[in-house]
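Here come two complexes built around subunit A, the first alongside subunit B, the second alongside subunit C.
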Partner chain A sequence: MARVLNAALGVLIALALGALIMLAQGYDPLASYAALFQFSLGSPYALATTFKNAVPLVLTGLSAAIAFASGPVNLGQPGQLLMGALAATIAGLYLDLPPLVMIPTLALLAMAAGALWSGLAALLRQAFGMSEFIVTLMLNIVADYFTLWAITYPFKDAAAYSPMTPPIATSGWLPEFGDWNSAVFWMLAATALMWFLLARTRPGYEWRIGGQNSLFARLGGCPVDRNFILVMLLTGALAGLAGGLLIMGGPHRFLRGLGANYAWDGVMIAIVANNSLPGVLAYGLFFAAIQTGALGMELITAVPSEIVLVLQGALVLVIVASREALHQLADRLAARRQAQRRAKQAPFLESVEQP
Partner chain B sequence: MSTQRAEAQVADRSVQLAPPLIQMQGIVKVYPPNVLALDDATVSFADGEIHALVGENGAGKSTLMKVLYGLVHHDRGEIRYRGRPVRFRSPGEAIAAGIGMVHQEILLINEYTVWENIVLGAEPVDRLGRIDRKRARGEVQAIIDRFHFALDPDAIVADISVAARQKVEILKLLYRDVSVLILDEPTAVLTPQEIPQLFAELRELRNEGHTILFISHRLEEVLELAERVTVLRKGRVVATLPAAQTTRSELAALMVGREVLFSSRRTPQAPGDVVFAVEGLRYEDEHGRVRLKDVHLQVRAGELVGVAGVEGNGQLELVNAITGLLQPTAGTLRVAGVDLTHAPILERRRYIAYVPQDRGRMGGSLAASVVENAIMTHHRLNPRLTRWKGLLLDRKAAHRFTDALAQRFNVSMPARAAPLRALSGGNQQKVILGRELLLECPFILLDQPTRGLDVGSIEYVHDQMLAMRRAGRGLLMISANLEEIFLLADRIVVLHRGEIVADLPVEQATVEQIGRYMLEGKA
Partner chain C sequence: MNILTGLLNGAISGATPILLAALGGAFTFYAGVFNIAMEGMMLMAAFCAVWGSFTFGSWLAGVLLAILGALALALIFIVFAVWLDTDEFVTGIALNLFTLGATTYLLRQSFGVKGVFAGPGIDPIPRLHLPLLADVPLLGAVLSGQNLMVYAAALATLISAFLVFRTRFGLRLRAAGYNAASLDSSGVSSARMRVYSLLLCGVLCGLAGAFLSLGYVTLFSENMSAGRGWISLAAIILVNGNPWGVAIISLLFGFADVLGLLLQSYQVPSQFTAMTPYLATLAALYLYARRHRKERSYVNR
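== the complex of A and B ==
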């Protein structure tokens, strides 16, 4: 309940801040927001687009949230996403199977590539004690240039003028149902499955407890080292899947700059959601909505779509700050109550030592 | 000697040497959310004295000094300094008023010279705002000479000894014209040979008119250096005594607690077979220091063995070697006849129940629900808590298990799903104790099982331990509280510098004797 209140408050304050900035620059905030939500939620097509755009945000958000909740600081979602996208693309260029086999195959390969990339970091941590925090960040850069090289040289579309691959076989394209791309189904299924894994299974329980207090989990008999590797592989696979679905559901080819900031937004979403998986879905959809509506808003009201970045930033700051502030306030009130109780029990003027 | 009598005599003997420089009256400090660190503490310090603060770990010595220094803010109470009420909002304000503190950890810039570290933050500048290096170095040299500190101002801090670094910390405060120096366990980082030098320097400072307040738990040093000694216990000041008129054993008694009963609560019972045995246990840490030295220890079924010792004499290493957090350098561990020397933790937990000393760090996860804390370890060992070959948690079974635990161990909780942190300390400990006792292990390891609990909860924990003893389990309890050991144990062993220096039936032991073993390693 407090969480929903916190979220609603954060959204309102962020929108109010955005409105102030627009006012200061002479735009009409009400008309802008109307356009923003008209183009993200106002029609069945807009809504379906918002959901489709939420797919990479939510999947990388799940990846970050599961990692952070379980202990490993996997910040390699951008690289894992790119490696997943590249694996799906390459397989899609050379394989052509019936769609019912092709789509799961590409998805699995994307997940395997993401898991490989995060597994590398897990391995370096286990073998040499290297912090996964740094290694995953560094591997992002490696993945960035490796994929750029791959689409510039070996897999480049000969007919294209900028680095990109040819389109993958149509059997690997995710089917669309009216306005709705089936990537949305993958996103919802992944969220439900991950929630079940974390909340209802023994590994999920051990991961969460290990993330909260690793020493307690270890003393309780949980295999914390193995769990670390499993979580790294799983979260890498989720980010890899985000990349695969991006190819299979969208442009059907690997373009330069693919993925852009999706994965970093995912990390941000995990932080805003405080690692709650339903929270990741909700905030992922909200972020997708304002990102999707921004273009429409720019067309109608001339407010630059970058204002959405301001909204996102304000939202993150307000929600995280107010969450911490609420905690601290509650703790301080409890401490003050106890101090008052002690003072009543033993009035300090009649103290032990009298000079 | 009963401590009450000691307290009654306090007022007679506590003759003020001079009008108090600092008066702290009724100081209450609660660390959020509910740790009561100072409970109505009242003390005064005279101008130009060396005043020691002693007390057990957690008695509130450091917190009291941090309150004075403005590093921690008290919730209630009043501080008067030179007759005026003060409330420092930061250490900077305290230093400006002439009160400075040297912490246990030394905080210097290793790459800078001694004089650079000393002036850092208060550098003398010339008219152009540049640091006047010549003047700064000269001022530092003058202070070193004035107080006869043997220190080279141009030495690089990285190259000098810990004792010398501590002098730099003290000089930093003297450079800022501090007249009241607070030192938090200044001798803890020093070798025995370095201590007389520090004491001589502190006396020199006192002769120059400085007031020195120092925290220590080494009673012999306290009596050697200080003029007056204040004893804290559980956040309260229980006595302030002139050092010349007290003894180590009186101070120890005041530190440990009032009305030391020392009458056993056990009923006689013949112990059974050996359930727990370590032999030749040795542990060297990564720096090659010997932390455990040839430890032999046995616990029989139906027997409770208490481990006494000053904190830091190998208790932590012994516990970790038993639970499997550290691998001993040599020696064996057998529980119920099973060799567990190299067993993984989960395997050990079939035989060893473990109640750790730190509830929030090792005993449980404060953020997790009561249920999630209650089923730990059981979720791996009790097949009824899981389904599908252990892959799925059976939520209903977990709820039933938690309810049964709560009922049997009188846990009062807002809800099963409430986070552990929402429970009082006593109830948190009941959840942990209940979880461990329900494992039905033949051997139970308890590390300070009543630390930080209120009287009612302590009694409850003691009752449960005695019930386990009657049920024929072997219990090993590490405790910093001698009273507790005399109350419950059949046998007392004393750890001193990683060695077991005494192993006595409780009937043959006296508090004074155990105290000497703890402090000196011999009777």
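== the complex of A and C ==
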């Protein structure tokens, strides 16, 4: 209950802040927000687009949330996403199997590439004690340049002027049902599966305990080091899958700047959701909605779509701070109640002790 | 000879933004703040510097606005992490993301462009020619004629080292990080020391950002800090915040930068040469981790 209240409060304050910015620059905030949600939720097609755009956000969000909840500070989702996307693209260029085999193959390869990239960070941590926090950040930038090189030289579409690969084989394209891209089902299935894994199975329990108190987990007999590697591989695979689905469901080729839009959104979503997986799904959809509606808003009221980035940043700050503030308020109220109870009992205790 | 001076000059200008930001981060490191907002502070400062320089036609206004912009972020950090007691890591990440969004939005809003803003209207920070040093045969070409901010960075290193190790302020700063409770019980507020350290970090990151967009190049592009804030964080961790160590590490990263440019002339694709500073960071972390592992095993024995 408190969580829902906190989320609603945070969203409202962030939207109010956005409205203030728009007012200060002479735009009409009400009309802008109306356009924003009209173009993201207002029609069946808009809703389907929002869900499709949520796929990379939710998957990288799951990756970050599972990592943060289990201990490893995996900030490498942007790089793992890129490597996954590259693997799916390369395989899609050279393989051509029946769709029923092709799609799972590409998805698995994307997951493997993401896991390879996060596994590299896990290996450096386990073998040499290098903090995965900075290593994953550096590997992000390395992956960024590496994929740029791959689409500029070896896998470049000869007919294109800017760096991009040719389209992958059509058997690897994710099928669409009306307006709905089947990437959405992958996203929902992954969320459900990950929630089950984390909340209802023994490894998930071990991971969460390890995230809360690593020493306790070790003393309780959890293989902490092995769990660290497992979580890194799993979260890398999730981010890689996000990249693969991005290619298979969207442009069907690796374009320059592919990952830039989703670079940090996963981390951001995990933070506002406080690492809860249903929360990741909810915030992922919300972020996708405002990102999807932004272009429509720009068309109608001329507010630059980049304001969404400001809204997202403000949302993260407000929600995190209000979460802490609510906690502190609750603590203070509880302390005061207890003090009052003590004050009431105190005269009685004194009278007992006196004689 | 010219190649050597060129290399040195390149390394120095590559090192300057990292050095300035890392000095700022060193203050917060000593005060016990896990501050990862240098990236955002630099980016905001880089934007404000270009905006100020373009609007008022003077680099000085740009530098002042850059400092103000970074200080504004430092104040937000203080409100959330010191006053409201929000998690420092989360606050830092959120600030970095907020800045990335805000600068992209402001770039579009103020100049009507996407991606990059460059133009003759931006007044760059001037180079400083030192009259006597320029005549020194070998060193003259390196020591004189650098950007003003390079000398500012050298001066900042001196001042930081003096402040941290030789003043009462520095003692209290280090005490706030070493044992906040005992500092508090001796009548000095550790929260106040953390606030001071963050403000200092804001000023230094402001200078770093101003150098990035008005000295290193004269333009602003989206996300132009490009991970330098993270590299400076790595530099701080590697030398435990010591300003002299930070200076040496920053120069090494500067060399990695130049090495990348040098490799480009040997037909290595630019995408790979651009990786060198980040790979150098990984290598430095590896050496650091190995040294510490040895120390730890030595202690255990």
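Here is the rule we go by: the second predicted complex is superposed on the first by the 329 of 355 C-alpha atoms of A that agree within 3 Å, B and C clash if a C-alpha of one lies under 4 Å from a C-alpha of the other, contacts with A are read in each partner's own complex, and residues count from 1 in each chain.
Heads up, the rule we're going with is that a contact is a pair of C-beta atoms (placed from the backbone, for glycine too) under 8 Å apart; a residue touches a chain by one contact, two chains touch by 3 or more.
All figures in this text were calculated on a predicted structure; none of them were measured in a lab.
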Which of subunit B and subunit C A:Phe128 touches, first, second, both or neither: second
Subunit B versus subunit C as contact partner of A:Ser276, first or second or both or neither: neither
Partner chain(s) touched by A:Gln338 [first = subunit B, second = subunit C, both, neither]: first
Touched partner set for A:Tyr145, first subunit B, second subunit C, both or neither: second
Subunit B versus subunit C as contact partner of A:Ser171, first or second or both or neither: neither
Touching partner for A:Gln328 - first (subunit B), second (subunit C), both, neither: both
Which of subunit B and subunit C A:Thr201 touches, first, second, both or neither: first
Which superposed partner A:Thr105 touches (first subunit B, second subunit C, both, neither): neither
Which of subunit B and subunit C A:Val267 touches, first, second, both or neither: second
Set intersection of subunit A contacts, subunit C complex versus subunit B complex: 328
Of all residues in subunit A, those that touch subunit B in their complex: 200-203, 205-206, 208-209, 212-213, 215-223, 328, 330-332, 334-336, 338-340, 342-343, 346, 348-349, 351-355
Touching residues (chain side subunit A, partner subunit C) in the complex: 25, 124, 128-131, 134-135, 137-139, 141-142, 145-146, 148-149, 152-153, 264, 267-268, 271, 304, 306-314, 316-317, 320-321, 324-325, 328
Residues of subunit B that touch subunit A when the two form their complex: 7, 10-11, 14, 16, 20, 25-34, 36, 39-40, 42-44, 75-77, 236-240, 323, 325, 345-346, 349, 354, 356, 360-368, 372, 376-377, 379-381, 386, 390-393, 395
Subunit A contact footprint on subunit C (complex, rising order): 76, 80, 84-87, 90-91, 93-102, 104-105, 107-109, 226-227, 230, 233-234, 237, 269, 271-272, 274-275, 278-279, 281-282, 285-286, 289-290, 292-293
